[in-house]
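Both complexes shown next keep subunit A, but they swap its partner, so subunit B is in the first and subunit C is in the second.
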Partner chain A sequence: MKALFQTIYELIGQPQPPADTPVYRDVIFPNLGLLNWGLSLALVLLFYLGINRAMGVATFNKGRHWGIFLALNAVLAFVITLWQTSAQQATQHSYIYWLATWNAVLSMLWFFLFSLLLKRTSTNASTTPF
Partner chain B sequence: MRKPTLLTLLPAVAATLLLTGCYSREDIKSEGGTATTPAEVPPTEVPGAVASKNTAAPSEASNAPLAQVNVFLEVSGSMEGFMPKPGGGAENTRFQQHVAQFLSDVNRSTAVQQKQFFRIKEKPYRDSYQQLSGTVRGGIQEPAKSTDIPSVLDTLVSRYYQPGSVSVLISDFIYSPKNAGAIPYIKTDITDALNRAGRSDLAVSVYGFTSDFKGAFYPALKTAGAKRASCCDTDIPYYFWVLGPADAVRRFDAALLSKQSAEQAHFGVTYPVPASSLLSKFQNQGSWYYGDEGASKRAAGASYHTITVAEASAAQPVEFVLGLNLKALPALYQDVAYLKQNLQLIGQDTDAKITQVFAATEQTRASSGPESGYTHFVKVRLTRLGKAARPLQVVLNDRRPAWVNQWTTKNDSNPNQSGAKTFALSSLVDGVQAVTTGEQDAQPIFRIDLTLQPAR
Partner chain C sequence: MAKLFLFGIGGTGSRVIRSLTMLLASGVELPNCDRVVPIIIDPDAHNGDMNRTVALLQSYQQVHRRLGQQEEGFFKTDISTLSNISADANGGVKDTFIFDFGGINQSFRQYLHYDQLSVDSKAMVELLFTQDNLESPLTIGFRGSPNVGSVVLNKVVESPEMRFFADNFQEGDRVFFVSSIFGGTGAAGFPLLLKNLKDSNTRLSNARYLREALTGAVTVMPYFALQSEENQVIDSNNFLTKTKAALSYYEHNLPGLDALYYLADTPDTPYDNQPGGTQQKNKAHLIELLAALSIVDFMQYSDAELRSGAPHFHEYGLGGDSMEVQFGHLPDETRELVAKHLTQMLYFSRYHKQHLPTDKAPYHDNLKLDYALRNEPIFRELNNLLHSPEFGIDQWLQELSQNRRAFRPFDLNTDDFNAMIAGKPVEKKWNDFFNKGLSHNWLLDNLNKADKSINEPDNFKKLLALFYDVTDKAFEEKVKVV
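Let's turn to the complex of A and B:
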């Protein structure tokens, strides 16, 4: 699992400064990865099963509503990265913002994949986004 | 059903907030810590990596006081010039001030349980502290004709040698062999004398001092007469020799002689491996990081000995700093000049070299980083390393300090010409070294094992 997250997050390059590599690989990457999955899954469940099934809201099932959740997901992923790196006392470096951006991109990917998996379970939004 | 949209959405928004808000920072931190740092930490495990054995286990007894110290003051005629009888001028020598102070320090010390004081004539005579201190201050009452250094050493090693106790011999160490033909055998004489009792863990620390000298000087070489009256314009050296089991000598040195501004040399004394750690955020350069297990935990006081290099080339060299805490070593081995000469890096498949050795500064001591805990720093630079983990050792070699030869003269018949030197000192020291090192090669003072590995 750790190796998987390391692979995914090091697609944008080695952590900087190099001295912080152990803490990124052992703590921050796995944390971000797991939190990201949890976050995306939670938002997808909320959108398809919460709003568009259990609560029966009929006016929040369009593509743009799905887009709002996608954007929310990305913003949260960005913020979570900043928070995690500061909680782990990673050295301030522009790399942190690149990592946060990459994490946001990844979170949108997870959101999209979870959407594909779960949209059929929804009653009102089973065809959102397509 | 247009209006209530926001209202119906409220629970959803609330749920969203809840999802992200119900964990406090600490919750997630600890959860993340336990959930994401499982026991297995594979990236750092490299087969063939040298297990670092740098966690020196200092003996538990090292804090307990020494059982006994025996202080021997030579009181032969040749020592009279160090301890002139107080005349009208009431001038004393540096020897008197220094030795009186040292005796007082020993007598007062809590690092030693029992203190005994002796005058050495033909054989040791037991004195009280007051008597011996009085001799130092007031001059020698009945000087011995001469004392023979090998027989004195023999006596100390065979009769006063006990675990946890040391003997301190204060003397000018002017050894005059019976005739000129015996001079080449000084080393052998000393070796035999120290070896007679067959002590396997014998250690000797030699401290050299100089003092003004007011009296008759008895040279070892009598070519220009057996004595020079009213000597000397130059300083004359005198020595403290600390003899005993290696562990006791080390502890005595640390307790009572660490602050002496003396030249020193140590033979057979062994020291615990000093605390050390790589410092990844102190004057580091290039792409490397700790490869030790648990490096990500960044525990306070943790030490690291594995360098994982992500990239190293001539254009992108790697520089790392190893912090050393040499506080427990004698001043000689804390001397940056000595360290620069004798610290050696032994590696495989790498061009790693020590580029800099420096002592702690105000800045490093006041730092909040781990560098504040170390007294000395060794900077290493490399541009190339092996394909897998390789051992890298930082070794402090034991080399005889230069002063021993500088203080040695072949002819002491006129100290005003030869200066503050002792006859055949290096031969005496050769004799000591032959006993304490035995047949095997000289052991380094310490050896710190590092591991150098490429990133995977």
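Let's turn to the complex of A and C:
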């Protein structure tokens, strides 16, 4: 799992400063990866099964509503990155913001993939986003 | 496959068939038959009432054909033209709901060949018919003169249509006549047709089946008045006199009838005095709806019930005498028969107009409605059936609500589904913030749920099934009783 997340997060380059690489690889990347999956899955479940099935809301199923959740997911992923790096006392560096942005992009990808997997279980959003 | 042959005679016949078609469209059951064959008999080929009824029937027929047989639902009952009942295409009968008079483009005098008659015959004709009768052009019917109608309508009995009808009449088929008693065509046509169908010496085929066929009729007595104007050929002040005269004839001259329904109402606001033609297009009236229900009532009786102690005579009384009739004024039996179905149809029609074109929802995407509503002819036909200002269901409900006496069970001016049944708003629980009653959201949610549960590949059939199910649920869960 660590190797997987290391591969994914280092697609944008090595952690900076290089001295923090071990903490990123051992703690921050796995935490971010798992939190990101959990967050995306939770929001997808909330959108498709919570709002658009269990609550019987049938007018919050448009592409723009899905887009709001997608954006929310990205913002939360960005904030989580800042929180995790701060919590693990990583050195302040512009890399953190690049990592947060990359995490936000990844969160949107997970959200999209989870949407494809789960949309059919929804009553009112089974054809959202397409 | 038992059939109901429904003879709609004259303007009232057309209007009652219009109401029956609306009831069948809304899903009212017509038991003991698989198919209704309306035959409109009216020599006035341009009659406004008749033409819009025919347009409605044609539209209904197209929609039903696409839907096919179904256990229950909108447009469940098969309505067919006379020529469609047989695979034999060589019957010489046009594929139409109207009896073909071949365009009687002459006056009654010319029709009788008056000028070639002997002196004695001329004297007899002058005894039976007024000058006005004789000069009357038959192109617009008999203008309230049954004595003229009883002569001209003899042509019906010898027509290819009637032979085709008799040739295809089978054991178990039923016959029903709809006519008014205070006009010309209906008052003359009903006893004349009945007599000829039941005649033991008839030259028609299947004479025994015809003679033994269960036969019913609704005779509509005066329920509207006409504006009194100088030089108008129809004077509604004579309606009661004509009714009494016709009733005294009916008393002894309706052989073989198993059930006869009488309906009448006290006239209120008079109609425009149009003796016929395109201008004769009266607003739908409650009496016509009740006359249509007499057909349903007749079909609900079993063969044994109808045959024992025939003829049966029926009259109708409202639960309460109100000039604005709501569901609450109808007797229980009628209310149970029509309230739910008409409400379902209203919900469907309203949703179809207000929300269907703009909905963004799984049911809408799965049925490919964006494309279908714009491009598929059957969807356009459905749109006409519901919303045509000429013959649509919306228009029919409007007319019923505007006429006097008004049938006004719905508030047709509101967009709120909760408030559509007059005097019976859908209850919203005060302690349930999310319960908005019968909201767009509720309907949409249930349409999407039904979309998942109904397995039907044809998008038109599925759309109708979805709306029938959801409006049924709306009535059962939200409206409950009216």
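Remarks
Assume the second predicted complex is superposed on the first by the 130 of 130 C-alpha atoms of A that agree within 3 Å, B and C clash if a C-alpha of one lies under 4 Å from a C-alpha of the other, contacts with A are read in each partner's own complex, and residues count from 1 in each chain.
The criterion applied here is as follows: a contact is a pair of C-beta atoms (placed from the backbone, for glycine too) under 8 Å apart; a residue touches a chain by one contact, two chains touch by 3 or more.
Everything numeric here is computed off the predicted structure, so don't read it as measured data.
Considered on the superposed subunit A, subunit B and subunit C are sterically compatible, since they fit side by side. Once the two complexes are laid over each other on the shared chain, residue contacts for A:A58 go to subunit B and to subunit C alike.
When the two structures are aligned on the shared chain, A:T127 is found in touch with subunit C, with no touch to subunit B. For subunit A, the partner with contacts to more residues, out of subunit B and subunit C, is B. Of the two partner chains placed around the shared chain by superposition, subunit B is the only one that A:V23 touches, whereas subunit C remains out of contact. Of the two partner chains, subunit B is the only one that A:L34 touches; subunit C does not reach it. Note on the composite model: angle subunit B-subunit A-subunit C, taken at the C-alpha centres, equals 170°, rounded to the nearest 10.
With chain A used as the common frame, the shortest Cα distance separating subunit B from subunit C works out to 5 Å. For the contact definition in use here, the residues of subunit A common to its subunit B contact set and its subunit C contact set are 55, 57-59. Across the interface of their complex, subunit C is touched by residues 55-59, 61-62, 122-127 of subunit A. Note for the complex: subunit B touches subunit A at residues 1-2, 5, 8-9, 11-12, 15-16, 19-20, 25, 28-29, 32-33, 35-37, 41-43, 280-281, 284, 286-290, 295-296, 298, 308, 310.
On the subunit C side of its complex with subunit A, the touching residues are 360-362, 365-366, 434, 440-442, 444-445, 448-449, 452. Those residues of subunit A that touch subunit B in the complex are listed here as 2-3, 6, 14, 17-23, 25-27, 30-31, 34-35, 39, 42-43, 46, 50-51, 55, 57-60, 72, 76, 83-84, 87, 89, 91.
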